[in-house]
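Have a look at these structures, which come just after this line.
Two complexes follow with chain A in common, the first pairing it with chain B and the second with chain C.
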Partner chain A sequence: MEGNVKEKRPRFCVNDHVDILMEILKRLDGRSLCVSACVCRLWCTIARNDSLWEHLCFRHASPPPSSGVRPVIVALGGYKRLYMVCVRPVLSRLGRLRIAGDSDRDRRVWTRDGVQLSLSLFCVDYYERLGRLGGGGDASGGSSLMFLCKPVNV
Partner chain B sequence: MSSSAENPTLTTEITKPSTEIATETAQSAKKINLKTSDDQIFEVEESVAMEFATVKSFFEDAPSSTDTVPLPNVPAKPFSQVIEFCKEQIKFKANPDETEKKKSNSEFVKEKTNEDLVEMIPVANYLEIKDLLDVLNQAVADRIQNRSVEYVRSFFGIDNDFTSEEEALLREEHAWAFEDVDED
Partner chain C sequence: MKRDHQETIGNKAESSSSSMDTGKGKSWFEDDQDAGGGMDELLAVLGYKIKSSDMADVAQKLEQLEMVLGSEDGISHLASDTVHYNPSDLSGWVQSMLSEFNNLPSTDFDSSILLSSNRDSLLGQPSAITSLDFSRNSQSKVFTDDSEYDLRAIPGVAAFPQQEFDRSNDRKRMKLTPVGSDIAPAPAVNSLQSPTASSTSTSSPPAMAVSGTLSGPTRPVVLMDSQETGVRLVHTLLACAKETQEENLELADALVKRIGLLAASQTGAMRKVATYFAEALARRIYKISPQDYRLDSSCLDTLEMHFYETCPYLKFAHFTANQAILEAFADASRVHVIDFGLKQGMQWPALMQALALRPGGPPAFRLTGIGPPQPDNTDALQQMLGLLPPEVEAVAVNSVFELHRLLARPGGIDKVLGSIKAMRPKIVTVVEQEANHNSPVFLDRFTEALHYYSSLFDSLEGSGMIPRSQDLVMSELYLGRHICNVVACEGADRVERHEALAQWRTRLDSAGFDPVHLGSNAFKQASMLLALFAGGDGYRVEENNGCLMLGWHTRPLIATSAWRLAAGDSQQ
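And now, the complex of A and B:
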């Protein structure tokens, strides 16, 4: 007891309220969600929860994709992968294109076309991984979707 | 001028809702006593107390059974800030204005310390004030966004329970996320 004297009252511990913690993490961007995964074991487990990534992938989408795409995305590798491989690079590219005058990043809205594009890219990513798993293709191995991350001269 | 013809209709339009508001406040002037976990008693207007779903259902289950409602999980300090928030919210109930509401919410959050925000969360949760919980969760998320792992840990008072090998592996896996985080 004596050791706890300096703590006058029990401080609220967010780790005792997983539902609240989920609500907070749901409001972070992908980068901060990855930082969160390194906070402690509990946060690490929660930050791997695909429902958080599902929310993150399409929270800017209007209208959001129908629930029918969920099984497809899960089968192709899940929402975290979708975010990392397709949504994030596309979003950051769009962000670079409209730096001027766009201070509010969260206002960015994805149309149905944006969603369709990211899903198509995800299919490409899956197809390439299939090829690599089968031992086919060249040994250099890099995903052709890397063009999303690097500037391309056309 | 045409403006003189418009004036009478304008004034009647303004006076009508304002009398409604006046009667509403007169009805809800009844006070309710709420006792916090550290034995402080808050006298709160009924309209404010009814914002707390937990208190509301207390009265629905046992109408006029007691003068003082005990709130065993609620300390006085965060509670006084929660009351401050709810008083503001009630103004927008009578007169909904989303932009003004957002402005008022962000003002409320801006002047609070990290500790204030974190301590209000369990109170808002216990009293089931959904709007406030949303505002707090967003405010906390905004404050840990783009921050380092160490900052987030000290923000919530969370102990690192990884071994150093585990943490090194995780940081490697998420290396891209650690570029350009804000200074602590």
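And now, the complex of A and C:
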């Protein structure tokens, strides 16, 4: 862009301000976050930051899970994986089907049970992957959670 | 008349061909080259192997037969006596019918012509069909084939409705509906005994009618309507079980083969269930015991893993039991879980994770698994009793689909329950199939199992899986093993001795345990879990006096219950 642009003040580029960038990306939904990871290398690196995904996983959880959850989730594979494998499919399916008692709320609000269920499934997934790395030759992971990946016939 | 039939046949073929979109828009009459003697497709589906080009001949001969049957009062009752057994041997059947007429006076039937031409034109298997029972006819020449059996043994309306026996002139209308297709049904077939049969120019060839009616209004074997076939399939299964129970093994054998035929005309869950049950019945009849159930434990474990993955039953069991254990362990600082069938241990990671995250911080955790049943199942338990530090840790005993095996040995369950009590557990979680497959009467067991596994297979079908994934097949195999055990095994080998929740309640109650109500958390988690499954709307979670049941539509299939030591027991 050429021309007589008089630069009276320094151009603002968000890439120079990673903390602001993170605050913005934190508020995205999952799909947008993944898309943003494709923008450039910097954004890709930032999008890999697990704290973004932690926020994404549990920002609608009421009550929010305790801080003790973090080491467990990190040990089991991290928030990004938790989101991809468990949270996203669970949320989308539970969103489509009204669970008794939740019909009045925003359907994306997590309950404690929902959080617990996701964590349990995540744990099962980790355990199965362990088994595969150890002895099995099957490259696909977490087949007991495959029911989450399969499209729902609505 | 002959031309009428030919045109009829041609019309039928045309209408069915066009609606089947086979691309054969032409009547096979016009095309002599048509597959060079290919089978009529519709009849082939139903089990008749008749060359399309021979249909005219068959029709003509059967028309002659019809005239004889309709005209002679003395022999019309023969039609109701006839047992039509093997649908693919039309030649033999016709032959047997005609051989009777040879002996009767005042028939102008030239059976010899029919017989000779039948052999050439009709394909059939050498096994002949009918055993005509002429007990009511004084001038009887009994044509009996030793290889066939009197199907009057089959109870139920479908096979041999006694009440229709007197209606010798009954006309049975059957719709010609190829199995499992959405073809518009061909016109109905009238009974040959109907005086108007010859004038039904729009009806299907009498070949169809014959199969249905000359065997009487009672026993059409090959059914045009797959729903009817389904009903008859169930009846035949039950009949076979009854005969097996009464040791009429030859008859049972014939019925088993028939089940195979009928099952082939079904689709989906019913077909699979029928196939597995037929196989199990065959094993029982021939006394072929299945592979040793115990040695196959690793194979069974693999199958069980696939079962775990495809449907929610095991997950439900694990999650609800875990919730009960978690709540019982709420205050303990040391916990010990004893599992009666560790297998792959899929239940425990979730519990460990939940314990790790509990508000008070994680406890010290110990897990003990009891492997495949040993000859004396209590050995492992006795050893453990010695190792347990008394009263220091909270003990949970967990059994998912394991306790029923102990019923195979007399006194086994009582010993084990006694050992469990000696461990002084905080909680005992029991998950069992909600069905009574342990009745001493084989037929009762069989009937129960048939209904139970039908529901189970239905739920597998309805789970919305992308068709025929390998997991689904493995799950079905897994259930098939259970079916085989329930039906074909006896004594100590029959380990799948499922009993219903009410029975377990009585048993555990009398052994000195009190029920623990599973809380609403368990219910909510279970409901949420089921909602995640693709077929989620078919599954139902029910609460039953503090126990949770998972079922498919209206049928409860598994039940989770929790127990603790009865309050009256004194602490040691």
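Everything below uses one rule, namely that the second predicted complex is superposed on the first by the 122 of 154 C-alpha atoms of A that agree within 3 Å, B and C clash if a C-alpha of one lies under 4 Å from a C-alpha of the other, contacts with A are read in each partner's own complex, and residues count from 1 in each chain.
Here, a contact is a pair of C-beta atoms (placed from the backbone, for glycine too) under 8 Å apart; a residue touches a chain by one contact, two chains touch by 3 or more.
Note that the structure is a prediction, hence the values are computed from the model and not measured.
With both structures placed on the common chain, the touch criterion links A:C44 to chain B but leaves chain C unconnected.
In the superposed model, A:F12 lies in contact with chain B only, and not with chain C. In the superposed pair of complexes, A:R93 makes contact with chain C only, with no contact to chain B.
In the superposed model, A:I20 lies in contact with chain B only, and not with chain C. With both structures placed on the common chain, the touch criterion links A:D29 to chain B but leaves chain C unconnected. Touched residues of chain A, counted separately for chain B and chain C, are more numerous for C. If you check the complex, the residues on chain A that touch chain C are 65-66, 68-69, 72, 76, 89-90, 93-94, 97, 99-100, 111, 113-114, 116-117, 119-121, 123-124, 126-128, 131, 143-144, 146-148, 150-153.
Residue ranges on chain A touching chain B, taken from their complex, read 9, 11-15, 17, 20, 23-32, 34-41, 43-44. Contacts from chain C toward chain A in the complex involve residues 305, 308-310, 315, 319, 322, 344-346, 349-350, 352-354, 356-357, 359, 463-466, 471, 521, 524-525, 527-529, 531-534, 536-537.
Within the complex, the chain B residues that touch chain A are 38, 75, 118-119, 121-122, 125, 133, 137-138, 140-142, 144-149, 152-153, 156-162, 167, 170-171, 174, 176-178, 181.
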